[in-house]
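Each of the next two complexes has chain A plus one more chain, namely chain B in the first and chain C in the second.
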Partner chain A sequence: MAIAPAPTATDLKLEERFPGAVAKDTRKNYTGYIVAADKLIEVATAARDQLGYTYLSSATAVDYLEEGKLEMVYHLYNLGGGPALMLKAQAPRDDAVLPSLVSVFPGADLQEREAWDLFGIRFTGHPNLKRILMWEGFEGHPMRKDWKEAYYEEDGKPFEARWPGGEFYRAEQNNPFGHNVKYPGGFTVEGWTPEGDKALYAGMGAITEAGSAMKTDHIVVNLGPQHPSTHGVFRIVVTLDGETIVDLQPVMGYLHRNHEKIGERNTFLQNIPFTDRLDYISSMSNNLGYVLAVEKLMGIKPPERAEYLRVIMVELTRICNHLWAIGFLLNDLGAFFTPALYAIKERELILDVFEAVSGSRMMCNYMRFGGLVRDLPAGIEARLRELIYERLPRKIDELDGYLTNNEIIRSRCLGVGVLPREQAIAYSMAGPVLRASGVPYDVRRAEPYSIYDRFDFNVALRENGDTYDRYVIRIDEMRESLKILQQAMRDLPGGDIQTGKPQYQARVPAGEAYGRVENPKGELGYYVISTGKPNPYRYHIRAPSFINLTAFGEMCKGHKVADVVVILGSIDIVLGETDR
Partner chain B sequence: MTNPAQELMNPALPVPADMQTNIFITTLDKIYNWSRRNSCWPMMFGLACCAIEMICTAASRYDLSRFGMEVMRPSARQADLMIVSGTVTKKMVPQIVRLYNQMPEPKYVLAMGACASGGGPFKEGYNVVSGMDKYVPVDVYVPGCPPTPQALLHGLITLQKKIDGQSIMTVPWYQKGPSEPIPVPILGPDIIDPRQAPLLRQLAAQAAAAPVAEAKE
Partner chain C sequence: MYGLGILRGLGVVFQHFAESVFDDIRWLGKRYYNLEALRVRQGAKGRGVFTVQYPEERLEIPEEFRYIPFLIYEEKPDGTQEDRCTSCGICAKVCPPQCIWIERTNDPKTGRPIPQPKEFYIDIDICMNCGLCAEFCPFDAIKMDHDFEIASYDRTSAHVYDKAKLSKPVSYYASIRPTNYAREEAVRAAEAAKKAAKKAAAPAAEKK
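Right after this comes the complex of A and B.
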């Protein structure tokens, strides 16, 4: 795969192209460009069309309370590889209006809705600017720095002792309702009319087809949030013409557990176990992304052995995740639980390794800034070797043999939910979904992190972008992961697993950092801003499961309602990460 | 496995030796509870991380079917047991309460993991409910984040013990009159529990009477 060297963000000369509209971000340890709000669309279009930054990876907001500004931060990438072009646009807090980038990058759709929901930035030109994680009618924009939750105690941890004089209290005791609730002043029950789902259904109502002899109505069908095939508490609202899908809206937020708000109250170290609970099927690689972002800020590197162990754990996680994804894709196809049982069996063996090294099956909490929490326990290396060299290759072949040429799978998956290459890029899809559409973009290659530049592996690639390819590419990726694992096991050095002394309070210099890793589900990014305090000032997660849903509606249109669950299964979302 | 007949047999009532293979004498409570405890169908209902461990518990290694619980029902109308497996958010709680109301009695609730039991690590979050028991009665709490499959199995065995201890004379679902459904929470500016509406009214009245005090807060 020939990659043309991408121009680095510094020699773009954006200031000369757009005099007066673009300025370098000169804050200490900040990079990127600050773009005037009215020129944002123009600059983004130029970045896409002239500079080759065709892929909008992440769009998020930061609340600079003291300066009275809200800032949107966009990370654009060149699909040939290389670092990000960061564009920033600012708006005053009390009148936060920015132009929407949906017309340039459709992948900004859900992310801008999230910024509206949590920060209250109004995007002009956005086609459907509604709350996304909270419900319509919720009071306030909770990620703003001056918005305080019902159980608010202090701005940042560690808190003062919670048991002054030896008597502890619970957060409920401070709240008049004994619940985690807070109402605006002057609120009365009688004065409230619930919004319900009116706003949601309003745009999807019944439309009568004109010109047809028979009068047919479109009907709106609701799937979830309690539905056996939505992979968690996910909700889908579809408009149907007969059985064919005309329109589809993903509705989420049913597992929005305020990861980012809690993350900004936590200390840097306290966030590591929370990252486990994002994409709870692949906790090890979530750890890695966050740890990399903070290590960038701290300017430290883990020792060799730790690097290798990280790669081993992360690639095992990828196999775990893909096994699970394939098992449950088959579930969605109607092969109820038998293929999943085969997949879960192998996953359990990998979880045994995780439990041995970290103490927990799922929530590993294994990585630390500058290393790992502990070394491999005695005896586990032999088991790892057995898994990596003997058992897993055999079992992946077995799964492949049973499933890949199965007639039912082929007839239900081939040509279903096609996502063409251009759309996959425009909608900011990531991971296997992007690569199944013929885009060879893998962060491990495009911007190698950790020690991925040392291993010999191929970026799995498929061309058709249908459900079948998204299934097959996961088998390919497991095989590639095994290649990496075998090389890492072969070269695993001895030595320390932690730089310096393990410490409870990481000292993180002020600045911003973006750490991104190729998670099993796609590019997982952590945007972390430190002000030198023990807590991150901003802690944002670019969640692949969330952004991959942007194109879900497009992929489903024209297919039958029974294909919706299969297409969703082939995107492979995890709600912990979608809603955060 | 023990012979179920022997498990049910009431030792206080002697049966002649030659008839022991044909007849066994037991109490209604015992046979009623025995059949309920061994066919307790959980609802197929996953919320968050704990749901993954719940699926693992149902899979071959831990095998929930040993306890007669493998028939997971996606419909609340066919389920006996709601395993609240994960973080309960304010946005989700109206649905959960509605599902609970839809379950036919006898019904049980098992709060799986720290979040469902009391909010867990996400308790301070603005969209998180501090425990399922704020809204529906919970029978068994299983600690852990997430609980291992073994812990969930232990919780289910505990539930079976609880069922064993119930008597047909006192169980709520054989009392006169229908049981009251739990009022479904409303999504307002924050979640509104209709049972707390009087308190809300009272506090709003107080705040209106003394606006100065509120401003100080």
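Right after this comes the complex of A and C.
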């Protein structure tokens, strides 16, 4: 498929199209356009319909405390490829109201809820503006710069108390349990009923208004949060008509730890091991996205060998993740654990390689700004070759042979959870879910990072957008990954693995940067703002597991309860990344 | 035809079972407790499961494996121990979860700091095993351990490691990470030689 060259984000001349409403962002090392709040919907609609920026990838907020402003940052993309069109809209901190973009890009739904929850920006016109990661009734908006967490010590690490007078104490000694959460005034555990839940159930038709004696057949069922089929602590509230799904709401945040706030306390380097803990199945590619964003700010590039090793590790991660996804999709279908264990057998060997290379099987922490921690230890190259040329191709063929034409898989997956092309784009789906719906969008091709422009591979594509295609596309993608791996192993050069001396205090010039990679689960983006200090001013993660849930309700409507589990399995989420 | 899929699925299970059992028989009872056998089965042509009978049977731990850090001391010929740590505090500064606490020693006479830690704590409940402390220590004084079986019954008394519990001899380090140790020793020797050469050159320069 021919890809039309996309105009670069800077030559759009939006300020001439919308005089008075749009201005170029002229802050140092910032790009994009600042849009007047009342014209935001108009500009976004024009960007979508006239300029071809049909895909809203990321929407997030920044708190500029000193200027007294909150800023929403939108990253729009042309599906033909190319860099982002960045739109920004500002609102005063004490009365933060912005128009909701859900009517233009339904994919903004969960992301705007997150911005309301964590930053306190009210979006007018949002259909369901409720907290999403924190609990309803939580006081304050934790990502605001003046909000302090329970175990607050200082604004930025390293903390004074650690050195040179390190008198050890536990955080809980200073802040005994019972006073470590900010409750609203007058709160008692006994007197509290979860208002959020009541509203949620009422919204889904479970609680009938007093006076209306009409008895309906709809019942509301909670799947999770403690349920093995939800891949973690994830709750699905469904309204049922018999066994058919009428409405479905994902409820999340049970694993929320305010990763982004921790990230703003950390120094730039300290964030790398924290990124491992997002999507803990693909830590190598999480590292890469963050490192790329900071390298953009620092203006450095890793040496050739490091680039190749990065690609090798990241593609192995993709295979790991897809083996896991396919294995557990079978689990969700009811084939309890035998197929899952067969699928992740070879994953053990990949993890052995990761352990030998990085020191840990899953929390790899292998990449650094401008390079890698260390080179391959002796003997690992031979094992990599064994894996890449022999075992993994065999494994993928084996899975393909066992599963692809299996009649149970076909009858349970074909036509289930269909997500048409237009909806997949509108809901900002990413990764295999987007490509299974017939959209050939892959960041490795659309905006090549690292050295992906050197490899010969195809963007896997399926047309139907059902659960079956989302399964098959993972098999296709593993085959493409193997192609990349074989080319990378063939061309792997010698030389250094780090530019300059590794430094524990990375000097990051002021500015903003957005680093995005094609993670196994979809586009993973890091929006990083530096003010030249040792700690990032803003550190946001565009989490594919989170945003891919936006269309979950739509995909499930009309199907049976048992299919919900399968559809969720085919989206492939990890709660460490969803809840952050 | 319905039912064919089930039969095929059972066939898959049987195939896995058979591959493993035949491979076990081929090794004539030497398949377990035998790293050589494991490597063959994990290798390019290997078939069948490669489960390890932990804890009786164990995998080889790769050299770079990292778990809770430890402090290195040198064993002097006269039997005394000398910490490599100078309490410079880089590990405490670089630690992402801030679980390292260092108390610097002050000279009782002058009150000036002397390069030796008075106390050194690591809260291993908070440690995330990232290895940044070992990576950035300029004196090779803190390194990541291989000992991962450290479960205990009480976290409040057993999980804050102090200097006595953290300190291990340099010979232990050399035993778990021989390649790293050899490389670092070579660098240290080269630096020491450079220093000695400088020292030897300095009085000569003064004489002129």
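In this text, the second predicted complex is superposed on the first by the 545 of 580 C-alpha atoms of A that agree within 3 Å, B and C clash if a C-alpha of one lies under 4 Å from a C-alpha of the other, contacts with A are read in each partner's own complex, and residues count from 1 in each chain.
By definition in this document, contacts are C-beta pairs under 8 Å (C-beta built on N, C-alpha and C of every residue); 3 or more make two chains touch, one makes a residue touch a chain.
Keep in mind that this is a model prediction, so the values were computed, not measured.
Engineer: Could you tell me if A:222 is touching chain B, chain C, both of them or neither one (first, second, both, neither)?
Structural biologist: neither
Engineer: Touch check for A:386: first (chain B), second (chain C), both, or neither?
Structural biologist: Only chain C is touched by A:386; chain B is not.
Engineer: Once the shared chain is lined up, is A:363 touching chain B (first), chain C (second), both, or neither of them?
Structural biologist: Touch status of A:363: both partners.
Engineer: In the superposed arrangement, does A:281 touch chain B (first), chain C (second), both or neither?
Structural biologist: First partner only.
Engineer: Quick one: is A:167 in contact with chain B, with chain C, with both, or with neither? Answer first, second, both or neither.
Structural biologist: A:167 contacts chain C only, not chain B.
Engineer: Which partner chains sit in contact with A:487 here, chain B, chain C, both or neither? Use first/second/both/neither.
Structural biologist: neither
Engineer: Would you sort A:244 into first (chain B), second (chain C), both or neither based on which partner it touches?
Structural biologist: After superposition on chain A, A:244 lies in contact with neither partner.
Engineer: Identify the partner contact of A:345: answer first if only chain B is touched, second if only chain C is, both if each is, neither if none is.
Structural biologist: Once the two structures are laid over each other on A, A:345 reaches both partners.
Engineer: Could you say whether A:103 touches chain B, chain C, both of them, or neither, answering first, second, both or neither?
Structural biologist: Neither: A:103 stays clear of chain B and chain C.
Engineer: For chain A, what residues appear in both contact lists, the one with chain B and the one with chain C?
Structural biologist: 153, 273-274, 345, 348, 363
Engineer: List the residues on chain B that touch chain A in their complex, please.
Structural biologist: Touching chain A from chain B are residues 44-49, 51-53, 55-56, 59-61, 74, 76, 86-87, 89-92, 95, 99, 115, 119, 121-130, 134, 145-146, 148, 186-193, 196-197, 199-201, 203-204, 207-208, 214.
Engineer: Using the touch rule from the top, collect the residues of chain A that touch chain C in their complex.
Structural biologist: On the chain A side, the touching residues are 153, 157-159, 161-168, 170, 266-267, 269-274, 335, 338, 342, 345, 348-349, 352, 355-360, 363, 365, 373-374, 377-378, 386, 389-391, 402, 406-408, 502, 504.
Engineer: Given the complex with chain B, which residues does chain A contribute to the contact?
Structural biologist: Chain A residues touching chain B: 133-135, 137-139, 142, 149-153, 171-172, 176-177, 179-189, 192, 194-195, 225-228, 232-233, 253-259, 261-262, 265, 273-274, 277, 280-281, 340-341, 344-345, 348, 361-363, 575-576.
Engineer: In their complex, what parts of chain C are in touch with chain A?
Structural biologist: Listed in rising order, the residues of chain C that touch chain A are 2, 4-6, 8-9, 12-13, 16, 42-46, 49-50, 62-66, 87, 89-90, 92-96, 98, 100-104, 113, 119-121, 123, 128-132, 135-136, 144, 156, 160, 179.
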